[in-house]
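Look at the two complexes coming up: chain A is in both, with chain B in one and chain C in the other.
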Partner chain A sequence: MNQVATALGVAFAVAGVGALAGLVVPARVRSAAAGAATTGVGLAGAAAGLCAVSGTSWQVHLPNLLPLAGVSLAVDALAGWFLLLVGGVAAVVGVYTVGYAGQSGHGPASRTALAMLPVFVAAMLLVPAAGSVSTFLLAWELMAVTSLLLVLSEHRHSPAVRTAGLWYAAMTQAGFVVILLGQAWLAAAAGGESFATIRAAGPGLSPVVSGGVFLLCVTGFASKAGAVPLHPWLPRAHAEAPSNVSALMSAAMVKLGVYGIVRVGFDLLGGGQRWWWLLLGALGVVSALYGILQAAVATDLKRLLAFSTSENIGLILLGLAAAGLWAEAGQPAVAGVALAAALLHAANHAGFKSLLFCGAGSVLKATGTRDLDELGGLSRRMPATTALVTVGALGAAALPPGNGFVSEWLLLQALLHQAPGGGTVMIVAAPVAVAVVALTAGVGVATYVKALGTGFLARPRSTAAGRAVESPRSMLAGMGLAATVCIGLAVVPGVAAPALDRIATGLRAGSAPLPSSGVDVRLSGVASTISPLWIAVGVVGLTVGFAALARAVGRARRRAAPWDCGDGPLTARMEYTATSFAEPLQRVFDNVLAPEQDVDVTHPAESAYLVRAVQYRRRLPDRIEARLYRPLIAAVEKVGRAARVLATGSVHRYLAYMLTALVAVLVAGVIR
Partner chain B sequence: MGLIDKIRSIGRVAEPATEAPAQRLPAAAGLGGSVQVRHVDAGSCNGCEIEIGQAFSPVYDAERHGLRLVASPRHADVLTVTGPVTLNMAEPLRTTYEAMPRPRMVAAVGDCARDCGMFAGGYGVLGPVSDVVPVDMQVPGCPPEPAAIVAALRSLSGR
Partner chain C sequence: MSAWVAACVQAGLVAAVAPLLVGFMRAVRARLEGRAGGRLVQPWRDLRKLLRKEPITPTGAGVVFTAAPVVLMATSVLVAAAAPYLSTRGPLSGAADLIVVVGLLLLGTVALALAGLETGTAFGGMGASREMTIAALVEPTLLLSVFALSTRVGSTDLGAIVAAGATDPAAVFTPASALAAAALAIAVLAEAGRLPVDNPATHLELTMVHEAMVLEYAGRDLALVEWASAMRLSIMLGLLANLFIPWGVAGSLHPAALALAAGVFVVKLTVLAGLLAAGEVFLAKLRLFRIPELLAGSFVLGLLAVITSAVLA
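And then the complex of A and B:
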C-alpha cells in the first residue's frame, strides 16, 4: 500500500480516536490524551508529507463516502510540503498542550476545547490532500468551523473572546463564500470538478474566466491568510484564542491560504497574466508594511505576534507574486528561486511562530497578563522559556543565524535579479519591493527587540511578573521541539532543496532546479551562493571568541552596581516599557498609524505652575478597520433593521411569502 | 553677517598655550595623554564651578591638552570635586567615586575642597574632600583661576 495513504489513514484514525478520548476520558488525563492524539495526528501527517515531498504521489476517489460528489484525495509534492508543515506544527502544539491545558494549567481544559484539537488538525491535513473542488471546500469549511469552536473556547472569560469569535466567523464565512463562487465557476468552466480535469483545462480558459476565478479565490485565500486589508479577524482571534490554538492557527492554518493561492494560481490555472501577480504583489507589500508597523507599536504580546503574522504572509505573497511575474516573463530559473523563497518562508514562519505563540502562552500562564508594559524580568524567573523565545525572536527578526534570514535572503535575490523580458513594470516594481522588504526587516528587528527586551529582560514591572514560575516540562518540550526545527532550518536549509525542486518542477510555472550541497544554498540562474551553516558558525564563533579574548587580555573583572546618578536605587519604573520603546517609531509613522493620545496634567490648588500628576493615554486603533469595516458593518446593520419590516411575526404573512416564492419559481421554470 | 564672516572677524580667542608640563603625575601614566574628567559639586558656592567652566571654554580651551568633561563617572579617569563636603553630598560623592573605573584619581579644586575654607565648622559641613575619598591632587585658590585648573589637569595628561 502507498506510504502516503497509510500515513494519512493513520492520521485520520488517530484524530477520530483522539476526539472520542477527549470526550470520554476523565478530566485528570484529558489534556494528556488530547495532546498525545494531536501529536500523533501531526506526526502521521508529517510522515505523509515527507513521503510526498520525496516523490511518492498518491490519489484516490472514494465515491461512496459522501453523497453526490464523493471524496477525492490527491497528494503531490506541493500538497506534501503543506502536510509536512501542518503536521510539524501540530506535533509541537500537541506536546505543548499536555502541560498547557493540564490540571494546574492555564489553558482551557473543557471537553470541546480538547476533543476539537485533533479534529482541527485532521481538517487542516485534509485541505492540501483534497483532490477535487467539493472535497477541498468540505475540508476548508471543516477547518473553519473547528477553528472557530477553538477560538471561542474561553468565551466565558471575557467579552473580547466573543467579539473575536464573531469577527472570525463573519470573515471566514465571507471568505468561504468567495472561494466557493470562484471554485464553482472554475469547475463549471473546466467541465469537471476534479483537480486533474481542471488542471488539463485550466490554461485554455478565457482570460475573463480565469481572471475572475483568480480574483475570487485570491480574495478568499488572502482573507484566510490574514493579508491586509482582509486581516481584522486575525489580531483579535490570535490574541483571544488559547495560545496553543493561536499557534496552530498562525503557524499552520493561515499557510493554507498560501497553499490555496499556489494551487489555484500556479497549478490549476497554470500561471496567468501579469496583472494577477502585480495585484498579489501589491497585497503583499501592503500586508508586510502595515503588519510590521502595527506589530512594532503593539503592547499586547499576542497582538504583536498576530500582526507579525500578517507581515510574514505579506512577504510570502510577495515571493509568490515574484514567481508568477518571472514565470510570465519567461525566466523560469528566477521564478523557481522566488517560489522556493515563498515556500521556505512559509515553513520558517511556521517554525518560529509556533514557538513564539507557545512562548506567549507560557508567559500568560505564568503571569496572567500579555501586556508587555506589565511584564519584564522573566529571564531570571523563566530562563528556559526566555532562551527558547530568543531562538524564535531571532528567526522572526530575520537576522543571521535565525531561520527567517535564509528565506528573506532568497526573496531579495529573486527580486534583485533584473532580467530582460521583465519590461518597464518589473523595472519599477522590483526596486519598490526590495525597499519594502528592507524596511520590513528593519522594523521587524525593532519589533522583536522590543518584545524580547521589554517582555523578558530587565526587572519585573508588576507583582504578577515578579512572581512568575517556569512552565511545566511538557510545555518546554513542545517549545524545544519547535526551537530545534528552527535551528535546523536556519543552519542547513539545503535539506529542503530537493523538495522545493520537486514542487517547482511539478508546477507548470516552469522552474529550474535549485542545486544544493546540503551546506551551501547555490542558486542556479542567479549567481549567488550562501552558506547559512558557515554564517552561523562565524557569528557564534566570533561572539564566543571576542568574549574569551576580552576575558583573557582584559583587566581584572570587578562587580559594580548599575550607575544610578548617585541618587537612590534604580526602580522598574525607570525602565523602557513597550510603549516608550516604540514611541519614536510611532512618531515617525504618525501619519500611517494615526495614534490617539491624551496628556492630562493636573495642578495642585495653590499654583498652576506646579504639577501634581501627569496622565498619558494612548490608543492605536486599526485604521483600516475603522475606515473600511466600520462603515460596512453600519450599512449591513441598517439593511438588517430595514428588513425587519418584512418579518412581523404573522404566520399568514410568512405562508404568503412562501406561496409567492413557489409561484415565482414555477413561472420562471415554465417561461424558460 | 554670515557665520563664516563672524568666525573670521572674531579671530582666535584662545590664550596661547604654555609649555607642556615637564613630567606627569606617576599615577596618570596609564592614561596615555587622554584624560576624561567628571565633576562633582559637593557643597560649593559655585564660584569654582564658574572657573572650571571657564577652563573648558574657548579661551582656556582645556580640550587641546587632552582633557575632556564627561557626563558619567563610568567614563571618567579623574573626579574634580569642589566645595566642603556637606552631609547630604557625602554619600553621592562616595558612590560616584565607587562607580569610576580603575585607575582613578581625585582632584580637590578650590580652598573649600582642601580644608573647608570659610565654611569650616558649619553645621551642614562634614569636612574636606580628603575625609571622604582619597585625594590625589589639589588646586588652591578661592576660587582658583582657570589657568591654574588647566595647569593642574595638564599634569595628568602630560600635554
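And then the complex of A and C:
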C-alpha cells in the first residue's frame, strides 16, 4: 500500500479517536488525551507530507463515500509541502495543549474545544489532499466550521470573543462563497470537477473565464490568508482565540490560503496573464506594509503577532507574484527561485509563529495579561520561555542567523534579479517591491525588539507580571520542538531544496531553483550564494569566544544601581513602555496609521497657567476597517431594516409573494 | 587555507585601524575648529584603560545586558573578516553577501537596543526606541543601493561586485552608480550614528541616540561597545570606498598583493574619514523627527539609481 495513503489513513483514524476521547474521557485527562491525539494526527500528516515531497504521489477516488460527486484525494509534491507544514505545526501544538488547556475542564479544556482540535487538524490535512473541487470545498468548509468553534472556546469569558467569532464567521463564509463561485465556474468551464481534468483544460480556457476564476479564487483565498484589506477578522480571532488555537490558525490555517492561490493560479490555470500577478503583488505590498506598521504600534502581544502574520502573508504573496511574473516573462529559473522563496517563507513562518503564539499563550497564562505595557521582567521569572521566544523572534525579525532571514534573502534575490523579458513593468515594480520588503524587514526588527524588550526584559510593570511563574513542562516541550525546527531551518535550509525543486518543476512555473544546494544555498539562474551554517557558526562561535576571552583575562563583574540622575532609585513606572517605544515610528507613519489622541489638561481654579492634571489617551483604530467595513456593515444593516417592510407578518402577503414568484419563474421559463 | 589567514589578517587590520580612524577624525575636526585636539592614538589609550577596568551591571539587568557588547563585537569582526577589503576572494563566499552584511550589522544594533531596554532606565529605552526607528528607515535605502549595484553584476556577492568594478571602470562611472553612492553615503551616516543623524560626542539627554542606549555600560563592556562602534564605522566607510572606488583590491591571495591592498585600503579609509570629519564641522544635528525626511531623500536617490541603471543598461 502507498505510504502516503497509510499515513493519511492513520491521521484521519487518530483524529476520529481523538475527537471521541475529547468527548467522553473525564476532565482530568481530557487535555492530555486530546493533545496526544492532535500530535498523533500531526505526526501522521507530516509523515504523509514527507513521503509526498520525496516523490511518492498518490490519488484515489471513493465514489461511494459521499453522494453525487464522491470523494477524491490526490497528493503531489505541492500538497505534500503543505501537509508537512500543517502536520508539523499540529504536532507542536498538540504537545503544548496538554499543559496549556490544563485540567480545569472549561475554556480551552472544554469538551467541544478539545474534541474539535484533532478534527480541525484533520480538516486542514484534507484541504491540500483534496483532488477535486467538491472534496476541496467540503474540506475547506469543515476547516472553517471547526476553527470557528475553537475560536469561540472562551465565549463565556468576554464579549470580545463573541465579536471576534462573529467577524470570523461572517468573513470566512463570505470567502467560502467567493471560492465556491470561482471553483464552480472553473469546473463548469473545464468540463469536469476533478483537478486532473481541470489541469488539462486550464491553460486552454478563454482569458475572460480564467481571469474571472483567478480573481474570485484569489479574493477568497486571500481573505483566509489574512491579506490586507481582507484581514479584519484576523487580529480579532487570533487575539481572542485560546493561544494553542491561535498558533494553529496563524501558523497553519492561513497558509492554506496560500496553498489555494498556488494550486489554482499555477497548477490548475497553469500560470496566467501579467495583470493577475501584478494585482497579487499589489495585495502583497499592501499587506506587508500595513500589517507590519500595525504590528509596530500594537501593545497587545497577540494582536502584534496577528498583524505580523498579515505582514508575512504579504511577503509570501509578493514571492508568488514575482514567480508568476517571471514565469510569464519566460524566465523559469528566476520564477522557480521566487516560488521557492514564497514556499520556504511559508514554512519558516509556520515555525516561528507557532513558537511565538505558544509563547504569548504562556505569558497570558502566567500573568493574565497580553498588554505589553503591563509586562516586563519575565526573563527572570520565566527564563526558558524567554529563551524560546527569543529564537522565534530572531526568525520573525528576519535577522541572521534566524530562519526568516534565509527566505527573505531568497525573496530579495528573486526580486533583485533584472532578467531580460521583464519589460518596463518589472523595471518599476521590482525596485518598489524590494523597497517594500526592506522597509517591512526594518520595521519588523523594531517590532520584535519592542515585543521582546518591553515584554520580557527590564523590570515588571505590574504586580501580575512580577508574580509570573514558569510554564509547565509540556508547554515548554511543545515550544522546544518548534524552536528546534526553527533552528534547523535556519542553519541547514538546504534540506528543503530537493522538495522545493520537485514542486517547482511539477508546477511547470519554474525550473528547479536550488539544484546544487547543500550546506550553502545555491540558486540556479542567479549568481548569489548564502551559507547559513557558516554565518550561524561565525556569529555564535565569535560571541562565545569573545565572552570566554573577556571572562578569562578581564576583571570580575560588579553590580551597581543604574544611573538615576541623582534622584533616588528608579521605579518601574519610569521605564520605557511598548507604547513609548513605538511612539517615534507612530509619528513617522502618522498619515498611514491616523492615531486618535486626546490630551486633557485641567487647571486649578486660581490660574490657567498652572496645571493640576494632564490626561492623555491614544487609540489606534484599524483604519481600513473603519473606512471600508464600517460603511459596508452600516449599509447592510440599512438594507435589512428596509426589507423589514416586506415582512409584516401577514399570511396573505406571503401567499401573494409566493404566487408572484411562481408566475415570474413560469414566465421566465416560457420566454426562454 | 590561505583565504582564512587573509580573512583573519583583514579582521585584525580593521580592528587595529578603526580606533586610529576615530582619532584621526577627531584630530581633523579639532584642527578645523581651531583647537589642538588629542593625539591620533588617544582612542586606543582610552580602550586600553577601559579594558582594564571592571564591568558594571546595573541591578536588575541580566544576561542580555552582558551579552550585547560581545554580540556586537562578534558581528563586527565577522563582517570585517568576510567583506572584500583586501582581496575579492574571501573564504566565506556565502557570508560576503551584501544582504548578509546588512543583516549582521543590524543584528549588532538589535543586541544593543535590547540591552538598552534591559537596563530598565528611561535613557536605555529612549535610545533603543530612537535607534530602532532610524535603523528601520535606513533599511530600504541600503537595499535599494544594493539593488542598483547588483544589477550590473547579476549577484549580490560583494566580492563579485568589487571584482567586476575593478576590471570594468566604465561600469563604475555611471549616473546610476553616482546616485547609488549618494544614497548609500547618507545611509552610512545614519547607520554609523554620525552627524546630522546622531552626534557621537553628545551626552545631552534630549539629543542622545546611540549614547543613551549604551549609557549604563562601563569598563570592559564599554570598551567593547566603543571598539565595535569604531569598527562598524570603518566597515561601512570601507564598503563605500571599495564599492565605488574598487581599485587596489587584490584579486589573488599573494602576500605582496595583500600588503599593497592593505596600504591602499588604509589610504581610502583615511581620505573618506577626513572628508566626513571635515563635513561634520559644517553640519548641525537634525531634530529626530526631521531625520525621516533626510532618509526619504536618500531613498528617492536609491530608487532613481535603480531605475537609471535599468533604463540605461
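One rule holds for everything that comes next: the second predicted complex is superposed on the first by the 628 of 672 C-alpha atoms of A that agree within 3 Å, B and C clash if a C-alpha of one lies under 4 Å from a C-alpha of the other, contacts with A are read in each partner's own complex, and residues count from 1 in each chain.
The criterion applied here is as follows: a contact is a pair of C-beta atoms (placed from the backbone, for glycine too) under 8 Å apart; a residue touches a chain by one contact, two chains touch by 3 or more.
Note that the structure is predicted; figures quoted are calculated from it, not measured.
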Is this a clash or a fit when chain B and chain C both end up on chain A?
-> fit
Considering only touches as defined above, state whether A:481 meets chain B (first), chain C (second), both or neither.
-> neither
So, A:437: does it touch chain B (first), chain C (second), both, or neither?
-> second
Please determine whether it is chain B or chain C that touches the greater number of chain A residues.
-> C
Between the centres of chain B and chain C, viewed from chain A's Cα centre, what angle do you get? Round it to the nearest 10 degrees, please.
-> 30
Contacts of A:560 with chain B and chain C, given as first, second, both or neither | both
Now for A:587: first (chain B), second (chain C), both, or neither, which partner does it touch?
-> second
Does the superposition put A:446 against chain B (first), chain C (second), both, or neither?
-> second
Considering only touches as defined above, state whether A:71 meets chain B (first), chain C (second), both or neither.
-> neither
Can you give the closest approach of chain B to chain C, taken over C-alpha atoms and in whole Å, for the superposition?
-> 5
Enumerate the residues of chain A that count as touching chain B in its complex and touching chain C in the other.
-> 555, 558, 560-561, 563-564
Which residues of chain A touch chain B in the complex?
-> 555, 558, 560-561, 563-564, 566-567
Give every residue of chain B touching chain A within the complex, in rising order.
-> 72-74, 91-93, 95-96, 98-99, 102
In the complex, go through chain A and note every residue touching chain C.
-> 376, 379-380, 397-400, 405, 409, 412-413, 416-418, 427-428, 430-432, 434-435, 437-439, 441-443, 445-446, 449-450, 452-454, 457-459, 520-521, 526-532, 534-535, 538-539, 542-543, 545-547, 550, 554-564, 570, 572, 574-576, 580-585, 587-588
Given the complex, residues on chain C that touch chain A span 51-64, 66-67, 70-71, 73-75, 77-78, 82, 92-95, 97, 99-100, 103-104, 106-107, 110, 113-114, 116-126, 128-130, 132-133, 135-140, 142-144, 146-147, 150-151, 153-157, 160, 215-216, 219-220, 224, 288-289, 292, 299, 302-303, 306-307, 310-311, 313
